[in-house]
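Next up: the structures, one after another.
First chain A sits with chain B, and in the next complex the same chain sits with chain C.
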Partner chain A sequence: MTTLLASALILHVVLGLIGLACIHFALMQLIRREPPYGFVSKASFLSAAFFLLSWATGAYYYVVYYGTAVKPRILAGAYPWAHQVMMESKEHVFLLVPFLVVAVWLASRALQNASDPRLKVAASFAAATALALGTLVAAAGILVSGGVR
Partner chain B sequence: MDWYTTLVIMHIVGTVLGVGGATFVEVHLVRALRDGVMSPEESAIMQTTYTVLRVGFFLLVLSGFGFLILSRLSEYTVWFYSITFWIKLSIVGVIAVNAILIQLRWIPILWGSAIALVSWYAALIIGVLLRGSVDQPLWIPVIYVAAIIIVYFVMREVHSRYTKPHFPH
Partner chain C sequence: MDSSEKYLRFARAAALGSIAASIVVAVLTIGGEEWTPLKDALKNAFTHHWLGKSVVSAAVFGVMFLLTAWKPSDVQKTTRALWYAIGAAALSAAAMTLYFTLHALGLV
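On to the complex of A and B.
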């Protein structure tokens, strides 16, 4: 693996984790009785930015290296489900996450101007769903890495 | 300094902040509720301690994934097949979910505190165990659950002795 590809893989993981941390912080504030919507807005915006950067670096690694060098090894190894189930799920589920986070950002901006309990609950659910899906995607990434033998 | 050493330091700092933070959350909580009322100053101390705890958690997770990336890049994938490693990862997940449940007040505060405290110490101890080999890793969840129950009853006793009845802040 070249240094550029290794850097892409490292950035993909690290940026995704920072994105998860940001949406986790946003969720923890959103579920308070009186959330600081300014903080939630900033945290969810940063989360969306980090997830999109994680997409870009992950996409480069996936297209240039994974499909030709890693996937065949996983499919020929003892754990082909690491690609067939985990990676196939991961590469579809991850598409949802940044959009959910953008929705949280927009909702928190609206909530800054006018209080709306139903929107607050909806934004909390969106943030919790993004966090849960992001965590599952990260766990799937570990399983895919473990599938390479 | 190589990446591995950097990650080890980051992991240790994260664990220290997390375990220390979790311990001091309980100490500060008991101290703050001795008179049954949490003052704004006591509340601020609690918030600061929670921030330290969250920073520790973030460092722990980030450095943990750093180890996994290093393993992947060096094709040393033994970690991925270790039951003990997956138990530790699950406990880290429990810490994150428990924090949300406490914030939502969907879990009684003493149970939440017991789970948080035991989970942090469990993550520390399992991290040490991962350096060697564990013969019977499936005992870890049993001991973990038993420890949560014991700590819950100890904390209930401590709160009933040293704090006055209070309303959650």
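On to the complex of A and C.
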């Protein structure tokens, strides 16, 4: 693997984890009785930005290297399900997360201007859903890495 | 313009875009596996089927956002759209994971 590809893979993982941390911070503040919506808005915006960057770097690694060099090794190994189930699910579920986080960001901007308990609960659940899906995607990534060894 | 109403509109538009993207990703993914010409079309147009799904889902989100961001909204409409977006994302993720699990087991 070239240095550029290795960097893309590392950036994909690190940027994705920072995105997860940001939406986690946003959720932890959203569930408070009186959330600091300015903080929630910034954290969810940063989360969306980091997920988009993770998407771009992951795309480069996945399209250029994974399909030709990694996928055949996993399928020929002892854990083909690491690709067949984990990677296939992960790469597609990932596509859902950034859009949901953008909705959380804009909802938190609306809440910043006029707080409402119904919108706060819905925004909290949207953040929790994005966090849960993102965490499952990250866990699937760990299993895919294990499957190649 | 009331900035609260503006962000309620934008948040609703983003939630509707998220719903549309969730549906499109699931349809393209499961449909592409079951009907090879669809997967091939994505591959031919974007060099890789996953890039195709990425571009199409982002485009669908953007178009839905632009089409609905100017429509008046309130807390009730935005809240409802967010709940539907949560449901769509969860169902889409569950459907794709279940499909690939059944596919790996040779059941579909």
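Basically, the second predicted complex is superposed on the first by the 149 of 149 C-alpha atoms of A that agree within 3 Å, B and C clash if a C-alpha of one lies under 4 Å from a C-alpha of the other, contacts with A are read in each partner's own complex, and residues count from 1 in each chain.
The rule is simple: a contact is a pair of C-beta atoms (placed from the backbone, for glycine too) under 8 Å apart; a residue touches a chain by one contact, two chains touch by 3 or more.
Only a predicted model underlies this, so the values are computations on that prediction, with no experimental measurement involved.
With chain A as the common reference, the superposed partners chain B and chain C fit together side by side. In the superposition on chain A, A:69 contacts neither chain B nor chain C. With chain A as the corner point and C-alpha centres for all three chains, the angle toward chain B and chain C works out to 140 degrees, nearest 10.
Which of chain B and chain C touches more residues of chain A: that partner is C.
Legend: residue contacts after superposition of the two complexes on their common chain; A:92 is shown touching chain C, with no touch to chain B.
When the two structures are aligned on the shared chain, A:4 is found in touch with neither chain B nor chain C. Once you line the two complexes up on chain A, you'll see the smallest CA to CA distance from chain B to chain C is 19 Å.
Common to the chain B-facing and chain C-facing surfaces of chain A is no residue whatsoever.
Residues 1, 6, 9-10, 13-14, 17-18, 21, 24-25, 27-28, 31-32, 128, 135, 138-139, 142-143, 145-146, 148-149 of chain A are the ones that touch chain B when the two sit in their complex.
The touching residues of chain B, when paired with chain A in their complex, are 54, 58, 61-62, 65-66, 68-69, 71-73, 75, 77, 79-81, 89, 93, 96, 99-100, 103-104.
Residue ranges of chain A in contact with chain C, taken from their complex: 55, 59, 62-63, 67, 80-81, 84-85, 88-89, 91-93, 95-97, 99-100, 102-103, 105-107, 109-110, 112-114, 116, 118-119, 122-123, 125-126, 129-130, 133, 136.
Residue ranges of chain C in contact with chain A, taken from their complex: 3-4, 7-8, 10-11, 13-15, 17-18, 21-22, 25, 29, 47-48, 50-51, 53-54, 57, 61, 75-76, 78-79, 82-83, 85-86, 89-90, 92-93, 96-97, 100-101, 103-104.
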